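Two complexes are shown next, each including chain A; its partner changes from chain B in the first to chain C in the second.
Let's look at the complex of A and B:
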């Protein structure tokens, strides 16, 4: 028994050690620091819940949290809607479906920062030129208002992630038994009814996966935020990740940033777990 | 209630191979037609063309005189039972059966009554609230049938609906489907590769091979009057025995063996020609008196089936099966006189394999 136990722990050791070193220890240290006045150089003294009390009154942080939430909700809906639509298009019997798949997936291969700069060019230069040509004022001010900054981020994110989510939906759509669709056709279902009553309920597992991925990706968004709007105008499009970064590395209040990060972590964890639990309940076993 | 007409139906898949070729068939109202044939002969393809799930490459298919080639499956008023049931896994038994009615916007009360009726007939009343995965194979099969019968469709199509069941359940469901047909009288096309199912259920059998119809007829016709060697060998279990030889006068000659054929059974103009004769196992048996169609053979294997023996023996290098009453005491390795009832023999042309009448 003893040797077996030893071998058991020996095999687990590499993962356990790595996990402890890079996840557990920093996490615990982080929790500890959030109760101090650490500024990145000196450890500082223990301040109890002061950081947490402060951040509840920190409007810039609360604004960024609210902006991030709005952005995530809108993006998650849009990305899943577009992703599923693209998946339905490329799994239908159209000719160029392989080419389309590749095309739709491509944006996902471009790094977030670069993508942000590309879209910045599109929004500022291309939109403006087009706006000038057709005489539409509203196209000429992109990214210079909170409103357009928000939608700019949503568009960028959807453009990048929809193709990725599409691939997940494709996998599930192709896993649907062909007979079920044929049976529903014979039962008299139109193509819309077929989607509504058969396809949609049966790709539910894909929602769980896709929503989890989109939610966590949009909540933690940083690169695209940085390169597209940089948080502007007046920090009004600053998302939580960026706000925390600024708190830590611009204002050098590391412990305070750490407290924000802990709150952020808890929120993301609760949202993600809740949605997985909720979606799982609706899933059907084949 | 439907009368079907299939004229020159042909299906060519992308790979250019013809899965079904020149399929001609008229199905009268209330008939129970069985398509039977070996795997890959095009039964499912034909059925799917009828259902509209597969495009018809050429030829026409019509129901009650109305051409159906371009009509969508949902508008053909056809109910179909799939081989693997194809029940909707996220719906209960009740919802599965009610689905088509719900799509037709039928009033709730009427849906309920119809589903309950069907469930009553099929003994599914206790399972209406279960999901398919909580049912046994036989129960799933009945739900699939139920889904078809609530529709009150013009035509039932069934593609090997019993092939996933164990043999006992298969026999039981076979009679249930037959009873159902007698009760509802809906025109039915049933696909199987099991000739026993075909023989027991069909009003007429369509035997197919390599995408081509070999023969269409009642079970009795295809059993007694097979058009060719393939049909003769496919229908009946154990299969018909075939012997190659030649006709000399009134005798069938095969090596050293000569068997007398009664005048009435011998087709004209066969003298001195090579033929294949076919004899069913029940026509190779035992007779108390020896005559010119009795041959002494060495018994290879003897299987007691209860009331009779299946006797496997070899004659002139050809193995064959006969059936002998179980009252006789037989054992393998012994020599036994088998009577060939040559008046029951069927004659086939060795080159075309068609029957000589």
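Let's look at the complex of A and C:
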């Protein structure tokens, strides 16, 4: 098949049409709209960089960006730590290995919206009643303060995604050469040394994949945010994705929301590219 | 010594497993209680296993219709994503040229775009063409799902030698036949991965359907669940019965296909 063949374009046509209409055209239109005062009904006029200047002074937007960053950093570290620990547990020779894999992975099959609702019940009703039983007042106010909302989101995401990351680490751990591990054991390496000098460097590629997945999932989080805290109290747990949604569909300032969405895209793209580059370089060095 | 260590790990693993299942257990036992019973005691099993909450939730969720909508949208979208992405990846992998490289790069680059960045123009444009319905939604899923699927198929296709195509061509098969009768069946393992990743994503997606579907009776499970939860926000007994109903289809699917699901997710992430 050659690119000038009719068949080549016929095979590509459905996907090209769909991607163009669903992603490419809206993206280009979005860039254009972000320089106008469009509100969804009238086209609006060209306003240059006004929307971008405004959003730099928009505290609600900047707060959501900062909240999202904090949430992502804490979640990425926790999810990877728990995920790797779970992977090490289930790949050791234990009887319940298969059952445990199934269990830890299960939350990933259920949508973030529904998981958020389930955890809302846990935090609000179960935590409160346990708090009452043991006399800990701090357990009775979960999700009603910014702090508990933050940790609520972190707990929910760690519980959900650790099993997913575990599956990725398992795939790399099982690819480790057994002879190498046995040889080091015979040479008298402790299990910590084995982990630090053999397992860890060889599993490095898994970090690239896992960090990329966790970072992009946590930074773009919407469903769990909506169903667990709804952004409250007083928008203090509102993340960027939700802030953009509210700017567009609650406040009906489409062009302004679109400018925020473009900034959001630029951040996501830079972080993703930087991370892949950095991890690839580290892998080679190790 | 080795034995003792594994025994400790076994206990730790099982304890963590119980911790992981605890939210589901609490949801399940409380979904059978009355409003008053939840108020007084959330941790123990219900005094009576009554299905009253479920009957209400089943009706309020319009469960059969909602389940049908989710099935219709997920199955159609995934089948169309598989067909269109496999064909596109085949063309890109067989015709090596600058155009193919650019197109492939474009597909991969599209994965970097967050949904929020295209959401507003997408909804307005499709709204103008009266495409905010189930058909429009399926079409959008093809656009959003194509990138990753093409990427996965492309990798698998590069491992199938071109000489196979040429041999079939000499035997008189046209390109369409070569692809569907010879190449596509060889792609079965990656097709399973593509299918599973897309099923999990589309079945659970909330934001896109919430923007596209605005007709009562067309809602998917997450969408209907959102409205249902909003309505019964202080009535946990009904909300929990609804949530349990909503995840039931997923649990059944997981029970029968857990091996392929975990393998699919793992293959999809690593490649």
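As a convention for this text, the second predicted complex is superposed on the first by the 266 of 286 C-alpha atoms of A that agree within 3 Å, B and C clash if a C-alpha of one lies under 4 Å from a C-alpha of the other, contacts with A are read in each partner's own complex, and residues count from 1 in each chain.
Quick note on the criterion: a contact is a pair of C-beta atoms (placed from the backbone, for glycine too) under 8 Å apart; a residue touches a chain by one contact, two chains touch by 3 or more.
All values reported here derive from a predicted model rather than from experimental measurement.
Colleague: Please tell me, clash or fit, for chain B and chain C sharing chain A in the overlay.
Modeller: Overlaying the two structures gives chain B and chain C room side by side.
Colleague: Have a look and say if chain B or chain C is in touch with more residues of chain A.
Modeller: Tallying touched residues of chain A, the top partner is C.
Colleague: So after the superposition, what angle do chain B and chain C open up at chain A's Cα centre, nearest 10 degrees?
Modeller: About 80 degrees, rounded to the nearest 10.
Colleague: Touch check for A:168: first (chain B), second (chain C), both, or neither?
Modeller: Touch status of A:168: second partner only.
Colleague: Looking at A:251, would you say it contacts chain B, chain C, both, or neither? Reply first, second, both or neither.
Modeller: In the superposition, A:251 contacts neither chain B nor chain C.
Colleague: On the overlay, how many Å separate the closest CA atoms of chain B and chain C?
Modeller: 8
Colleague: Let me check the overlay on chain A: which residues of chain A are in contact with chain B and also with chain C?
Modeller: Touching chain B and chain C on chain A: no residues.
Colleague: In the complex of these two chains, what residues of chain A are touching chain C?
Modeller: 1-3, 5, 7-9, 11-12, 14-16, 18-19, 21-27, 29-30, 33, 40, 86, 89-90, 92-97, 99-114, 117-119, 121-122, 125-126, 129-130, 159, 163-164, 167-168, 170-172, 209, 213, 220, 222-223, 226-227, 240-241, 244-245, 248, 254, 257-258, 261-262, 264-265, 268-269, 272-273
Colleague: Mind listing the chain A positions that touch chain B in their complex?
Modeller: Within the complex, chain A contacts chain B at residues 177, 179-180, 182-190, 193, 197-198, 201-202, 284-286.
Colleague: Using the touch definition from the top, list the residues of chain C that touch chain A in their complex.
Modeller: Listed in rising order, the residues of chain C that touch chain A are 6, 9-10, 12-14, 16-17, 20-21, 23-24, 26-27, 30, 38, 41-43, 80, 83-85, 87-88, 90-92, 94-95, 97, 99-100, 103, 106-107, 110, 112-122, 124-125, 139-140, 142-144, 146-147, 150, 175-176, 179, 200, 203-207, 222, 225-226, 229, 236, 239-240, 243, 246-247, 250, 253-254, 258, 261-262, 265-266, 269-270.
Colleague: In the complex, go through chain B and note every residue touching chain A.
Modeller: 51, 53, 72-74, 78-80, 82, 84, 86, 88-90, 99-100, 103-104, 131, 133, 147, 151
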